[in-house]
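The data blocks that follow each hold one structure.
There are two complexes below, and they share chain A, which is joined by chain B in the first and by chain C in the second.
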Partner chain A sequence: MKSQHSLNLRPISPKLEPSYAPVWKRLGKWGGFAMLALIYFPLLWLILLSISQNPLGGIPGSFSLEHYRALFSNSAWHKPMLASLAIGVLVGLVCAVAATIIGRALPTLNSPGRVLFMFVVPLFVPGMSMGAALFILARAVLNLKLGFWSVALGHFVWAFPFALLIVLVVTVRFDHRLVEAGRDLGASNWRVFWDIEFPILMPGIVSAALFGFLMSFNEVMRSIFLRGTAETMPVWSWIQAAAQQSQVPIIFSLASLVLLVTLPLLCGVFWLLFARVGRS
Partner chain B sequence: MNNGVVDPMLEIEDLVHCYGAVTALNHVSVSAAKGEFLTILGSSGSGKTTMLRVISGLEMPTSVRRLRIGGQDVAHLPAAKRNCTTVFQSYALFPHMNVVENVAYGLKIRKVNGPDALKEARRALAMVQLEGKADRRISQLSGGERQRVALARAVVTQPAVLLLDEPLGALDERLRQDMQIELMELQRSLGMTFVYITHSQEEALTMSDRVVLMSHGRIVQSGSPLDLFDRPESRFAAGFMGYENILEATLVAQDGTLGTVEFPGGLRIRGVVTADGLKVGGTVAIAIRAERISPVSAEAPESVEATLTNRIYRGKYTDVTVATGAGPLRLRSWHGVGSETEEIRRVGWNTTDAVIFAAQ
Partner chain C sequence: MSEMQQTAGASGTATVGRQGFLRALAGRLADMNFAVTVILSTWFVLVIVPIVVLFAFSFFTTVQFRTVYEPTLDTWIGLFSSGRWEVTLRTLRIALTVTVIELLIAFPFALWLAKGCRSGTVQAVCLAMLTIPFFLDMSSRTIVWRAILGQSGLVNTMLLGTGLVDTPVEWLLYSEVAVHFGMVVSLFPPMVMPIYLAINLIDDTLLEASNDLGASPWQTLSRIIIPLSLPGVMAGVVFCLGPALAAWVEPGMLGGGFVNLISNSIESAYSALRYPVVAALSAFVILLLLLLLAAMYLIARRFGDPSSVSVFRG
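Our next item is the complex of A and B:
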C-alpha cells in the first residue's frame, strides 16, 4: 500500500481554482446588465424628460408634447440642422466613393498592413489636435476663410478611416476569381464591375456612407476649430445648452429626435455589414 | 505533334509562356477536333493550368505562333471575346445571384432578352438535373450541385470549346465517379469540344478520347488512353501512369518493336519497344505493371525464377514482392485468386505487357 504512494502524487483538488470560480460568471452577467443600464437609461430618461412639462426638474412627469410644439414653431435650429444634414450627406457620399476606391486597391498591395495602419491612425489622434492642425493649415498657412467647407473637410478626415475599415470588410473577402469567371463568360471589365463586384461590395459601401454621415452629423470637436462663424446642429445645441437659456427644453426634444433617427440608421449599418454580408 | 486533326476547334502552335524567369509552357503545340474530349494530364507545376488560362484568355501568352478557337484567331483577343468558357476548379459561382441567374448570366451578356435567357438557363439546368433548384441561393447547394451549376453556366452559351479545370477535384470519391460518367454523356450529347485538365490518370483514362501528358511545361506524350496506359514512351510517362516495376537493363537486340534486354546477372527479358532511337548495347528501362505479373508454374515463355520476399494484404488485392534475376518485382494478386497464398517459384507475364524505352 505504502509503495503505491511513493510518487507522492497530489490528488486533484475538487475545488476549482479561484480564476474559474462561479462568482466571476455571475459578476460578468450582472456587471454586463449594469453597463447596459448605464448606456441606455440616460437615453431613455432624456426621451421621457423631453415629453415632460418640466424637464429641468429631472423627474419625468405630467407628460405633454409642448416642447416639441415649441421646437417646431421655433426656426432657429433649422439652418444648423440643414447644414449638418447637407454636410453629413456630402461626407457620407465622398467617404463611400473614396473608401471604395482605396479599399479595393489596398488588399492588392504587397504589405497592406503598414499602409492600413497609417490610414487608421487618425482614429486615435485626439480631435483637438486634428482640429487645431487643420485650423492652422487652412487659416494660417493657406490663409483661407473658414466655413462649412472646412467643417466638411475636417469631418471627412475624421470619418474616412471608419469608412475605409468598413469597406475593407467586404473587399478583403471579395473573391477575385469571380472577376475572371465574369470575363470568361464574355462580360467586359465595366460589366464585370457593375454586375458582379459592385453588388457584392455594396453592403460595405452603403454602410461606409451611412457611417460617414453619422460621424459627420455628430461631430463637435473638429467643428469648433474649423467652423469660423458657421453653425452645425451639434454646435448650435451645445451653445444653446451652455447658455442656459429658456431654449434648453427644446434642445432635449431635438436631441431625442436626433437619437430616434440615428439609432435605426446605425442598426441598419450593422445589419447590412454583418447579416447581409455574412449570408452570401 | 497533333497535326492532322480534322475540323479543329482548338489549334495551338508553339506556345511559350513565362512567369518572370520561370518558363511555364515551353514550345507547346496542341489541337483538338470538333466533339473531341481532350484531357491534359499532369502533376501540379506541369503547366496544365497555365495552358488552360492561355486558351481562355485569362493569361496572355509570352509568344504563340498560332492560337485559334473555332477557326478564329484569338491570340490577341481578351477572354471576354473568345468563344470558349471555363468550368473553374473553385466553381466561381456568383454568390449574389441565384442558381438560374448564374446560369443565365452569359446569355444576358450576349444580349439574349430576359425571358428567353431564363428559359434557356432552365433548360441547361434540366440537363444537369437541377431544374428543381433553379431559384435556390448558391449557398444552399452542396458541392456536387455547385459543380453542376458551374457546368450549366459554361455550356449554356454553346461555346466552341469548353475548358474544365480539375472540376471534380473538390468532390468525394463516389460523387466524382458518377460525375465522370455524367460529364462523358453530356459531352457526347452536346457534341462539344471539351478540354479537361486533371492530375488524375484515372479520370483521364475514363473520360478522354485523347490524353496529353505534360511535365515541366512540355508535352511528354499524347495519344489514346490505351496508348498512354499500355505504351508509355518514357520513364516519366510510365511512372505517372502507375507502372510499379521500372527496371534498368541493357538493350541487346531489337527486331521491329520487339526488343530484348539483358540484366547484369545474364537474365534476358523481351518487351515492346515504345520509344524511337534506342541503341542496341545502350542502357534502357523496361517497365511492367504489377497486376500483369502473376505466379506461373511451368516454363512459361515470359517468366523468371522468383523468391517471395514480402506480402501485404490490401483488401481488394494483395501486393507481393519477389526477388528475381531482374531485381525486385512487385506483383498484385486479386483477392480470392487461388495463387494468393501459395508458394511462388516463378513469375511471368505476356511479352506485350513489358515496355522498353530510354533509361532517362
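Our next item is the complex of A and C:
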C-alpha cells in the first residue's frame, strides 16, 4: 500500500481526498459497520426469540405470544419495575436540574477544566470499583442500611457526567449578549433565565433528563453493590437469568418490551439534540 | 437542588407574602454561585471521598467477618500470593487483547466517519447508533449471545446445515473466545466516540496542506492525523480498558463460570463480607488503569504533538 502511493506524487486534487489509501478506507468503513451490526443484531434476535415458542432452542420459529401472556400473568416483576421507574425519574430530574446549574456556571468559572474533570471522574472509574467504593463508604464506614436511596445515589454519580456533558453542548454555544440585552431592557434575573435562557437551553436540559433516566433504568453493576435487599429491574432480570433457566423466556419478553419503549425515546432525544439544536 | 424543592414546597403552603417570597427565591437562584458550591461539595462527598476511603480500606484486614482497623499490607500481599494472581494476569491479558482489537477496528472506522464520510445523514445515523447502546441494558443484550453461540444456537445450526462441521462447535460459548467476543462487541462505541471527536477536530486545511506539499496518504496519517488524534485515542483506551478490566456481565454470562476475572473475585469477596479484599481489588483495578494510562501518556509525549497532549491534561 505504502510504496504504491509514495512512489508517484499525486497531482494536487481540487477536492480534499481523505488522506489514506482507498483499501484502508473501505476496510475501516465496513469493519465499523460490521461492529454496528454485531451490536444491533442481538437486539433483533431478542425480539424474535421473545415471540417464538421455544426461545432456548436458539432458532426462532412457531411464533406465539405465549411468553408475553406468561409475563403479564406473573406479577413478580412489578415491584422492581416500579422501583426502577421511580429511581430513574428521580435521577433524571436531579441530573437535569444539577447539570443545568453547573452547565451554566462552568463556562464562566476561572478554571473550568479542573472543575469539569472533577465532574467526569466517574467516567474513568470502572463501574464495579465505583460501586464498591460507595458501598464501603456507606455500609462499612458509615454503617448505613442500604436500599433504594443508595442505588439512586450510585445511579446519580454514574449518570450526572453524561447529563453535564450534554447540557454543556448547549450552554457553551449560548450567546451571552442575549442575557445582557434582556437585562438592559429591564428584565429581572429570573425572567431572563426563564424567558430567554431556558427556551434556548431546553433541548439540552430535556436530553439530560432523559439520558439520566435511561442510564439509571438500565444500570446493573453499581446497583448490585448498593442495593442492600432492594431490587431494581435489571437486577431482578439478572438474578432470574442467573438462577433459573425457566425464567429466561419471560426475561426475553420483558427486555423486548423495555427495548421497544427505550429505542423510540432515544431516537426522540437524538432528534431533539441534532435536529433542533443543530438548526438553532 | 434539594433546597430548591424544599423552598418550593414551603412556598406552596405559605399564603401571605407569596410574591415577595418567590422574588427572594428567584434572587437566590439567580445567584448561582451558592448552588454551584452546594453541588460541587455534594459531588466531592459522593465521588472523591468514596474513592479515597476505598484506597484507605484496602490496608485493613478481616478477622472472623469483622474488619480490623489497623493499617497493614496483608490484604495487598494476599492479592499477589494466592490463586488471585492468576486471575489478575488473565484479566489483564483479556482486557489488553480486547483493547488492541478495538483499536484496530475503531481507529480506521473513526477516521472514515470523521473525514471520509461525505453524507451528513450517514454520519449522524452512525453517531446515534454508536451512542444508543450506552443506554441499553447490558445483561439482556449479552444473554442473547447464549442463544446465538450455544450448542443449538444460530451459528452452530448454520454450520451444521451447510455441512462445514459434523458436531456443534463447543468453544463458541462458555469459553475465553466468547468472553473476548462479547467484550469487543460491547466496548466498541466507547472506543470509537473519543477517537471520532478528536479526528473531527483536525482542521481539513492541515490535511489539504499536507497533500499539497506532496505527502503520501501514509505520511499524512502518521505525521498529522495520528499525533493530533492521540488524546482521543488515549481517552478511547481508558473508556475501553476500564470496563474491560472490571468486566462482569460478559464473563458471567458468556464465560459460564470457566473464565474467572477480577470482578468475580470482587463479587465473591463481597459475599464473604471481606470488605478490605473488595476494596483492595477495586483499588487495584483503578491503579492498573492509572498505570497503563501513565505509560500511554509517556509514549504519547514521546511521539505525539506536545500541544495536543497538554490539551488532554488541562
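One rule holds in what follows: the second predicted complex is superposed on the first by the 257 of 280 C-alpha atoms of A that agree within 3 Å, B and C clash if a C-alpha of one lies under 4 Å from a C-alpha of the other, contacts with A are read in each partner's own complex, and residues count from 1 in each chain.
By our rule, a contact is a pair of C-beta atoms (placed from the backbone, for glycine too) under 8 Å apart; a residue touches a chain by one contact, two chains touch by 3 or more.
Note that the structure is predicted; figures quoted are calculated from it, not measured.
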Which of chain B and chain C A:A255 touches, first, second, both or neither: second
First, second, both or neither for A:L226, with chain B first and chain C second: neither
First (chain B), second (chain C), both or neither touched by A:S188: both
Contacts of A:C95 with chain B and chain C, given as first, second, both or neither: neither
Which of chain B and chain C A:I200 touches, first, second, both or neither: first
First, second, both or neither for A:L165, with chain B first and chain C second: neither
Chain B versus chain C as contact partner of A:M81, first or second or both or neither: neither
Partner with the higher number of touched chain A residues, chain C or chain B: C
Which superposed partner A:A209 touches (first chain B, second chain C, both, neither): neither
Which of chain B and chain C A:K29 touches, first, second, both or neither: second
Contact residues common to both interfaces of chain A (with chain B and with chain C): 188
Footprint of chain A on chain C - complex, ascending: 1, 4, 23, 26-27, 29-30, 32-33, 35-36, 39-40, 43-44, 46-51, 53-54, 57, 67, 105-113, 115-117, 124, 126, 128-145, 147-148, 150, 152-154, 156-157, 184-186, 188-189, 192, 204, 207-208, 210-212, 214-221, 224-225, 238-239, 242-243, 245-246, 248-249, 252-253, 263, 266-267, 270, 275, 278-279, 281-283, 285-286, 289, 314
Of chain B, residues touching chain A in the complex: 56-58, 78-81, 85-86, 88, 90, 92-96, 105-106, 109-110, 137, 139, 153-154, 157
Contact footprint of chain B on chain A as seen in their complex: 175, 177-178, 180-188, 191, 195-196, 199-200, 279-280
Residues of chain A that touch chain C when the two form their complex: 1-2, 5-6, 9-10, 12-13, 16-21, 24-25, 27-29, 31-32, 35-36, 38-40, 42-43, 45-46, 49, 55-59, 94, 97-98, 101-102, 104-105, 113, 115, 118-119, 121-130, 132-137, 139-141, 153, 156-157, 160, 162, 188-190, 193, 211, 214-215, 218, 220-221, 224-225, 234, 237-238, 241-242, 248, 251-252, 255, 258-259, 262-263, 266-267, 270, 274
